[in-house]
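Residue numbering begins at 1 within each chain, and the chains themselves are lettered A, B, C and D in the order written.
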Amino acid sequence: MPDETKDSQSPAPGQESPKAASGAGSSPAESTPAAPAAPVPAAPPVAAKPAPAPAAAPKPPARPAAPTPQPWECELTAQLKQTYGSGIREAVTYVGQPYLVVDKSIAHDILRFMRDDEKFDYLVDLTCVHYPAREEQFEVVWILYSFSQNIRIRVKTCIKDGEDVQSVCSLWTTANWLEREAYDMFGVKFAGHPDLRRILLPEDWSGFPLRKDHGILQQDTEWVHKNLGIESAQ
Amino acid sequence: MSVAPLLRKIFLVDLIKGLSVTFRSQHPNELITEQYPLERPWIAERYRGQPRMAVNPDTGESLCNGCGACALACPEKLITVTSDRDPVTKKKYMTSYTYDVSRCMFCGLCQESCPTDCIELSQDYEMALYSREGMTLDRVRLEKGPEPTEYAR
Amino acid sequence: MRPFLDYLHSNVTPGEYGSYLWAVIYILIIFAVASVAVMLMTWLERKILAHMQVRLGPMRVGPHGLLQPIADALKLLTKEDILPDEADKMVFWFAPVWVMMIAFLNYVVLPFGRTHAVTDMNIGILFVLGVSSLSVLGVIMAGWSSNSHYPLMGALRSSAQMVSYEVAMGLAIVSAVLMTSLNSTGTGTLSMIGIVEAQKAAGRWYIFSMFPLGLIAFLIFAIAMIAETNRAPFDLPEAESELVAGFHTEYSGFRWSLFFLAEYAAMIGISSVAVTLWLGGYLRPFPNLLSGHSWDLAFSLFPGLVFTGMALMCLIGAARMPKIPQMKVQTIGLWLFGAVIALIAAVLFLPGVRERVQDIFWFAAKVAVFMYLYIWYRGTFPRYRFDQLMNLGWKVLLPISLAVLILTALVGIRQDLSTVLMGVLR
Amino acid sequence: MSNSNFYDDAPVEAPGKTFLDSTEMVLNMGPQHPSTHGVLRVILKLDGEKVLGTECVIGYLHRGVEKIAENRTYAQFNPYVDRMDYVAAVSNGLGYCGAVEKLISAEVPKRAEYLRVILTELNRLASHQVWLGTHALDIGAITPLFYTFREREEILKIFEKYCGARLTTHAFRIGGCQYDAYEGFDREVLAFCDAQDPRLDEYEELLTTNRIWLERTKGVGILSAEDAIALGVTGPVLRGSGVRWDLRKAQPYCSYKDFDFEIPIGLSGDTFDRYVVRIQEMRQSLRIIRQAVAGLPEGPIMAKVPKVLKPPVGEIYHSIEAPKGELGYFIVSDGSTQPYRVRVRPPSFVNLQALDIMVRGRLVADVVAVIGTLDIVLGEVDR
């Protein structure tokens, strides 16, 4: 593991972080997530013996050793829990990938803290997942990466339909288009975004296609009916 | 600036080097153009082209057993298989088979899923048609296999 | 009728002879030949560029695509003539005509041989400079009247580019003209034939005189003329990857083909000027080194030999054509084409013809080298950016050409200068 | 996709002023422009030739890949990812298969991993060759395109022989590879590598020292390391800005640990640096391919994976170093045969965002140079 950290080198010139060496080497819990393929110690690799599985196709494959989320405990989570208390709803790792589920109200603060204090200077991705059954329908996911620590974590928050999330454009410039895309696809509004419009779909598009209740044929059928005056053949 | 780069710049060495590359390339041996209808392109053995169904060469029977695995595997759901069960032997057999090439993306998942190696993507690549009709292949077309196009001028 | 035929025995251009009829005939011949040359040039460009890019180029229309230019011309002529709604119709209509006219106007003074020119103006080179700077007007008209952004930007670039390179070009020309006055009689000339004759008298082409001044002046002209004709790497006005098609984005069909014709005609025209000024025009190579009757004869056989070689290439190519039914027509076509060229070669070997044609042949050969260079540059170099182009024109070429001009003048008057200096010192 | 805000910034027409008094011009580049690499539309606000601002209008090629994924099984979605970055289809497949394998905790056999590395690196070469050809074409050198495509053709032939398709390869399956190396695979790949070195020299002869090329690329589209990180750009664009970060080294996946290679970086973050970085990357790819072919182990090529995949409930983010940058897949599984959500983190989409900062205050000609140097593929930007 330390080898990898060394290989990744320091990112920006003049950003020699003291955390680079200590972060990965000191606590094992923290260094685990950096290993992409390494399974969590508690969960044995599942592919080791899935013996009966391939034989019968329709039968659900045996999943005795499915990896389970493990609590993520390290200095960082301890510190966060201390500061925000129950605002941190979950801090777990799954298949070696740590993530935090935090309250919407403190999400922005945590992200700012992550960037400024923990040197998560690269926002890898920002996206949403729609769970129509839940009361807080949308899960907003920020994937962060730290060049100096070579760790990737996810920060998640849950919001209800129609609620806003604080935009992170001021923290990472890259969030601009990513938030626009999330808005475009899910209709999640980002408060404080400089220019929140649709990005991939045309302006006059109705609905948000990646919501689970958006049928894939519905738009097509409507369009064909309206513009061609025939029934869609699909 | 030292002397050598300056001289190189004055005597246009960089430009002449580039010119020499393009000049050398004019050699007829360097040509790579394939004159397509006259020259047939080389096709790999594993090429995934127009689908066809294999028949038993001895009996002329279709190898298809009507299991429908290809229809299940197809991401575009463009294969429809209907099957029936033989009242005597209690074996399933295929009654009809259609394959919509117009939607096919030649991923090869159908031929991988076929338990009898019946459906396969052949090496024929000349599938362009003037209309969408004729793009839905039925069993007869699939078993006959691709008909190589003759081009004449 | 008599005076009409009498001209054939004279040794002057129709202009000097004062025969309007012959002048018109010459003009028609030049126009026809130049148009054919442009067509041939488009074919050659596509072929040579293709071979540089390891492709075959046109192969389908005629043997080795020889009839491709004709097919292109037919296509362009039968295409719909689109006149944009928002365009300034009059100007839009007039711009290609203007560009075309200007491009061919240069040919009036170009000497293809001692007697093969429409006329020999005593201000010939001045005429060329004046006329060629007018072509920018057509480009601006086209860009402005299209009423569209890309053509407008193309026109703006074009006007700036042509005007700034004209300065360096003019200075380079002046230094060549200056050399004509440095002969024993001390009389300079602006006449195109005069300049060639001066090189003949001096016994060397101006590219080699006052080495390296002539060479540098020639190189400056060679760079500036590429910029003048908007060819790569200075093809900013029609930079495809930036401005789509530059000033002629909105043109189509016949109008577009006029621009196209004009571009190639201008290329040939300006190359002819370079050949005339620095490469001895219609003079044969090595007039001094390899002089004498036998050398004269040997050089006069050259045109015929070249055509024989071309005919042989055709015939070999025809013999090597794939023997398949689809290629039959093409093979026969290539045989016929080879036969026609062989016939021309035979005619060129005739004693009466070969002396008269020699001038034109050498002139054409030298221009052909330039044409090849044009294509070669296009196949090799990236394109300059607008500001870099201006830098090159104003900050590099202009100072150098000024220096060359001054040095040429100084070298030319070095005898007088030394006399004067001596006098002052005494 | 609209640009209402963009036009709002235009100067308010003062009374008595005509459009001739306005110094700004709005130029619409694309979506059918020769150098916007597909269907990118850039609206430029110009002062003469100077770029005052840009606005990218994207989405013309949006096919809803993420929605498609929710309606396909895990194996069925595999061919679709080839259609995102279609010049680097193999890399897309590697990323997707890797993500699903992580989700089901499958252990890919070594031989399959090595085959994957060979093909992915060949694909990186092919992708960079397309980039080099089109980038040079944008800057006005029309010939390198044909040279690079000639070499790419060799790679595509290897692909065709290996998996039966040239462009949308569908080369890998979840759990390993469907096809084993064909007879003479290693020989052909090595022959290609040997032929490629002099060809790379040839490209460099045409471009690297050429004064016009240098003038057109040096100091153009400068992206500082800080900006690069803030903008989240990855791949050669990030490395061109001097950040030595490559996922193959930072978080090795798919046996990249076994190979010895370097990460080239640029110094000033201009277009020329990115050009050099990519050329060097091509040389490093050749190095990796040679090592992988030499060390290609025997053994199975497919892990034991159930025919009907039902990954456990959970979510995973897996990313690889695609030719364009970090290509990530965020997959949420609800335990059924179909993914609950697949999010693709497209490198081109994120990198394209840097266009504005890179061309502001520069000339129109630089816009095409910068679009070329960003190496975007619209199939991936729009998905």
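Couple of notes before you dig in:
Please note the rule applied: contacts are C-beta pairs under 8 Å (C-beta built on N, C-alpha and C of every residue); 3 or more make two chains touch, one makes a residue touch a chain.
The structure displayed is predicted, hence computed values, not measured ones.
Of the two interfaces, A-D and B-C, the higher number of touching C-beta pairs belongs to A-D. The most distant chain from chain D is C, comparing centres defined as mean Cα coordinates.
Separation between the centroids of chain A and chain D, computed from CA atoms only, is 22 Å.
Between the CA-based centres of chain B and chain C the separation comes to 50 Å, rounded to the whole angstrom. Here the CA centre of chain A is 65 Å from the CA centre of chain C. With centres set at the average Cα position, the gap from chain B to chain D is 25 Å. Counting partner chains per residue, chain A has no residue touching two or more of them.
Multi-chain contact residues of chain B (touching two or more other chains) are listed as 15, 18, 21-22, 25, 32. Those residues of chain C in touch with two or more other chains are numbered 52-55, 379-381.
Every pair of chains meeting the touch criterion is listed here: A-D, B-C, B-D, C-D. Per the touch definition, chain D reaches chain A in the complex via residues 1-2, 4-5, 58-59, 62, 64, 66-67, 70-71, 102-107, 225-227, 229-233, 242-245, 249-253, 263, 303-308, 310, 312, 314-319, 326, 328, 330, 332, 340-341, 343, 345, 349-350, 352-353, 382-383. Within the complex formed with chain D, the chain B residues making contact are 9, 13-15, 17-18, 20-22, 25, 32, 42-48, 73-75, 105-109, 112, 121. Residues of chain C touching chain D in their complex: 49, 52-55, 149-150, 153, 156-157, 232-233, 235-236, 239-244, 378-388. Those residues of chain C that touch chain B in the complex are listed here as 48, 51-56, 59, 322, 324, 326-327, 376-377, 379-381.
Interface residues of chain B facing chain C in the complex, by the touch rule stated above, are 15, 18-19, 21-23, 25-26, 28, 30-33, 35, 38, 152-153.
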